[in-house]
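Next come two complexes, and both contain chain A; in the first it sits with chain B, in the second with chain C.
Moving on to the complex of A and B:
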C-alpha cells in the first residue's frame, strides 16, 4: 500500500479542494448537544469535528437513504425509474474503521445475489476517506476485528501529530493525491515511528471487550435461554438500535398515491425487525408476533446468520446501539451474559 | 365511476382537523374534483344532511350527550366512517380529565348557575359506533390525510404507520430527549407520522398521535424508573392526549408492581 503524508497546515486546503470532486460530507458536532455528532455537508473545513466519535446515524444514510422514491408510476403512461442523487458525486470524509467495515458489509449485502441499483449507483459515485480515532468506553471494534481495515477506502488518514499519514487504497485515491501533489510530503522515518506509537496507544485504549470466539455456536445452543424473554420485557421495540446501526439494511417498500388514484410513487424506507409489522404477511400471520422473538432476531441475524451466510458477523462494534437505546440495552452485556449463562435482570441504566 | 359522496363532520372539538383539510391548498381543488362533498357545515352553506355517504370523516370526541346521536346518525348514512384526529380516535384533550366528575368541572369553569352544556366524560367514536379507519394526530398530518383519501379513491384500505416516533426521530438525527436529557419523551409509545416534529425542535414528544398498536407498559415504566422519573410524571404526560387508551389505572398498577 502506498503511503503519503498530509501536513496539518495543508489539511484545510485539501478539504476545500475535494469540493472539485463533489459534495464533501464531514463529521460535525451537534450545536444543541456538545459531544454528539452527525455527518453533514461541509460548507467550511473549520466545521470538521476531528476528535468525533460515532455520529448518531452512520454514513449509510448517503448510500441507502432513510426514505427514497424508487420509481414513479401512472396506470396510463407506465413507469419512470428514479434513482435519487444518481449524478451526485460525494466524498465521505472522516470515516472511522468501524464505519468503513460497515460499508463493506453493505456492499456485500446490496450486490451479492441481486444488485440494488439505487445503492450501487450512489456507491459508485462515492469516495471514502478514512480517519483514525481513539476509542471510548462504548467502542468494541477490536473485539469484532474491525478496528483496522486494509481496504474499503480510497484514502485513510492517521493522525501522527503534525500531520496525517495517508494510506492510498485505490487508484482513485492515488489520483486524488497526485492531482494535489503540492499539498503532500514524503513520509520520513520519524513519521513511521510516530505512527507505530499511535497504534500502540490506540490498541491500549480499548476498554470494552466482547469474546466472539465460537459465538454462533453458543447462540445456537442458547436459542431457548431465558435471556431472550427478559430482554423482550425490557425492549420498547422503538427501533432506534436498527436505525443507528451501520449494518442494519432492512427496508420496506410501499406506494404513495396521488389523488387521481392512478399515479404515484413507489417508496423505499428503512424498516426494523423490531417493529410489529415487520414479519407480518398477507393473510395476517406474523412470523415474529412476540416482542422477545423480535429482539432475539436482531442478535441472531448479526452474530449467527450473517456468519453462516457471509462468513462474518455484521456487527462492527461501533457502540451506536448501546448509546441509542433508551432502555439501556447493551449488546456487549447481553452477549457476554449469554456466554456465561448468567443472565438475570440487571438494573443497568 | 361516480364520485364518492363525502361528508365532513365535527363533534366536540377545536375544528383543527377540518382546518388541516382546508389548508391542503395545493391539493384542495383536485380533492374537491375527485370527490363529491355533500355535507360540510364548516366550509359550505348548502348541505344535504340526509343523503347516504360513501365516506364520512368525523372529527372530535363524544363529549356532549348530543354527540352520541350525531355520530350514530352519521354511521347509519355512511359506508366508510373515518375517525379523524386524536379526539375522535382516542378521546383526545377533552378526555384528559375524565377522572374528575363533570359536575365538578362545570361548576369550576362556569360557576354554579350556568346550565347549558350537557357535558359528559369524553370518549372516542369507537365507544359508540364501528369505525372503519383511524387517522390520529392533533391535528392530523396533511400528507397522511391526502394519502388516506388517495387510497380510498383507489379502492384500497389505507395503511397507517405502525411504528413509533423514535424511528422518525432517529432518521432526523435528533439528540434523544430520554438518553441525553432525561426527559419524559412519549416518542417510543407514540405512533409515527409527524416526522418527530417535537424532538426535532428539541422538545420531548407529547404523544399527540396517541399510542402505537402494541404498547409496552412494562418496559417503559422500568426505563423511566431507572432514570429516576416519578410514575406520576409519566402518567400525567401520557394522559394529555389519549387518556382512555393509556389506561392510567393499569399504568399505575404496573408501576407500583415494578417499584416493589
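Moving on to the complex of A and C:
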C-alpha cells in the first residue's frame, strides 16, 4: 500500500479540498450535548472532532437511509425507480476502523446474490477516509478483529503526533492526494517509528475483551440457556441497539398513496428485529411472539447466522449498543455469560 | 477536479433492480374454495412473458399497486409457459385488496425468487407428494411439472388431505388425475360433510397419515418426499416418512416466513442460520430439524 504524510498544519486545507469532490461528512460534537458526537455535513474544517470516540448513529445512514423512496408508482404505468441522492457525491471523513468494517459488512449483504441498487449507487459515490482512534472501556473491536483494516477505505489517517500517516487504499484515494500533492510530505524513518509506537500504545489501551473462539458453536449449544429468558424480561424492545448498530440493516417496505388514490411512493424504512411485529404474518401468527426470542435473535443473527451466511460475524465491537441500551444490556457481558453458562446464577444471586 | 468526477470507484455491477415489479394483467379470477381464489396473470411486456422462466416451488412478490407486496408461490408449471397461476388466500391487507380487483386490472410482479424443488436432481426417482390443506399450492407446480416430464420420474404419488371435501384445492383437476394410470392420486378428507353446491364425496375419509399404510412397496432409497402443509400436519407426516425409511435429506418441505424483500436483504425471513427467501423456501428435513425455530 502506498503511504504518504499529511502534516497537521495542512489538514484543514486538505479537508477544504475534499469539498471539490462532494459533500464532506465529518464527526462533530453536538453543541447542546458536549461529549456526544454525530456525523454531519462539514461547513468548516474547524468543526472536526478529531478525538471523538463514537457517534450515536453510525455512518450507515448515508448508505442505507433511515427512510427512503424507492419507487414512484401509478396504477396504470407501474413502477418507476427512484434512487435518492443518486448523483450526490460524498466524502465520509474520519471513520474509525470499526465503522469501516461495518460498511464492509453492509457491502457484502447488499451485493451478495442480488445487488441492491439503492445502497450500491450511493456507495459508488462515496469516498471513505479513515481516522485512527484510541479505544475506551466500551470498545472491543480488537476481540472482533476489526481494530485495523487493510481495505474498505480510500484513504486512512493515523495520528503520529505532528501529522498523519495517510494510507492510500484506492486509485481514487491516490487522486485525492495528487490533487493537493503540495500538502503532503514524504514518510520518513522517524514517522514509521512514531506509527509503531502509536500502534503499541493503542493495542495496550483496550480494556474490554470478548472471547469469540468457536462462538457460533457455543451459541448453538446454548439455544435453551436461561439467559435468553432473563434478557427477555429486561429488554424494553425499544430497538435502539439496532438503530445505532453499524451493521444492522433490516428494513420494511410499504406503499404511500397520493390523494388521487392511484399513484404514490414505495418506501423502504429501517426496522429492528426487536420490534414486536417483526416476524408477524397474516392471520396474527407471530414467529417470535416472545420477547426473549427476539432478543436472542439479535445475538444469533450477528454471531451465528452471519458467520454461516457470509463467513464472519456482524458485530464490529464499536460499543454503541452498550451505550444506547436503556436497560443496561451489554453485548460483551451477555456473550461472556453465555459462554460461561453463568447467567442465571449471577442474576438470581 | 475533472479527474475525480470521472472516477469509477467501486465497480459494483449495477444490474437490473431486483425490487422493481413489472406490470402484469389479471387474466382470470376463479374462486376455488372459500377465501382461496385462483388468479391467472400475464406480464404486460409480451417479450418478458415469453422469456419468463421459473422452477416449481419458487415464489413471486406480488404488488397490489398502492397497497403493498406479498410473497406468493407459483402454482402453475414452467412446462406450460405464457401464463402464471397463483392460488391466493385472502388473509390481510394486500390479499384483501387483490380480491377487489377484476380480470383486466393491473398488478405488479417481481421474481421468481427462492430455490424451488430440485426437479432435475430428482430425475430417475419416485416422487411422493404429500399435501395438507393449502400445502397443495406450491406442490401443484411440482406435480404438474413431473407429469409433463413423466419419463424423468419413476412413480408419482400424490396424497392430499383436507378437513372437508370443499377445502380440496384443484379438486376437479385432481379427481381427473385419479383416472390416469401413470399417477397414483389419493385424496382424503377428515369429514365428508359438504356445503350444498359441492359434489358429493365418494372418496376416503380419515387423515392423510392413514394413506401411508399403502406405501409399503415404495423404494424409499430411490424416492423423494415433497411435504407441505400446516404445522400439525408436519408433526405427523414427517414421522410417517421416517418410519417408511426415508433419509432426512430426501424429505423436502417448503416454509413460510414474514418477507419484505424476497432477496436476502431485509432480514425478516431469517431463522436459525438460514434465510427462507434465498436459502429456501424449500428445505430438507435435515436442514429444518437443525433449526429450533423452524416449524
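Convention: the second predicted complex is superposed on the first by the 342 of 349 C-alpha atoms of A that agree within 3 Å, B and C clash if a C-alpha of one lies under 4 Å from a C-alpha of the other, contacts with A are read in each partner's own complex, and residues count from 1 in each chain.
What we mean here is this: a contact is a pair of C-beta atoms (placed from the backbone, for glycine too) under 8 Å apart; a residue touches a chain by one contact, two chains touch by 3 or more.
All of these numbers come straight from a predicted model, not from anything done at the bench.
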Chain B versus chain C as contact partner of A:264, first or second or both or neither: both
Contacts of A:97 with chain B and chain C, given as first, second, both or neither: neither
Touching partner for A:246 - first (chain B), second (chain C), both, neither: neither
First (chain B), second (chain C), both or neither touched by A:120: second
Contacts of A:179 with chain B and chain C, given as first, second, both or neither: second
Chain A residues touched by each partner, larger count belonging to chain B or chain C: C
First, second, both or neither for A:254, with chain B first and chain C second: both
Chain B and chain C contact sites that coincide on chain A, given as residue numbers: 254, 257, 261-262, 264
Complex contacts: residues of chain A adjacent to chain C: 20-21, 70-71, 73-79, 81, 89, 109-117, 120-121, 123-125, 127, 170-172, 175-176, 179, 223, 249-255, 257, 261-264, 271, 273, 278-283, 287-288, 293, 297, 300-301, 304-305, 308-309
Partner chain A, residues of chain B touching it in the complex: 27, 30-31, 34, 146-147, 149-151, 153-155, 159, 162-164, 166-167, 170-171, 173-176, 178-180, 185, 187-189, 202, 212-214, 216, 218-220, 222-223, 226-227
Chain A contact footprint on chain C (complex, rising order): 1, 3-5, 7, 9-10, 12-15, 17-23, 44, 63, 65-69, 91-92, 95, 106, 108, 256-258, 260-261, 263-268, 270-275, 278, 292-293
Residues of chain A that touch chain B when the two form their complex: 30, 32-33, 36, 38, 55-57, 66-67, 233-240, 242-244, 254, 256-262, 264, 270, 272, 275-277, 291, 323-328, 347-349
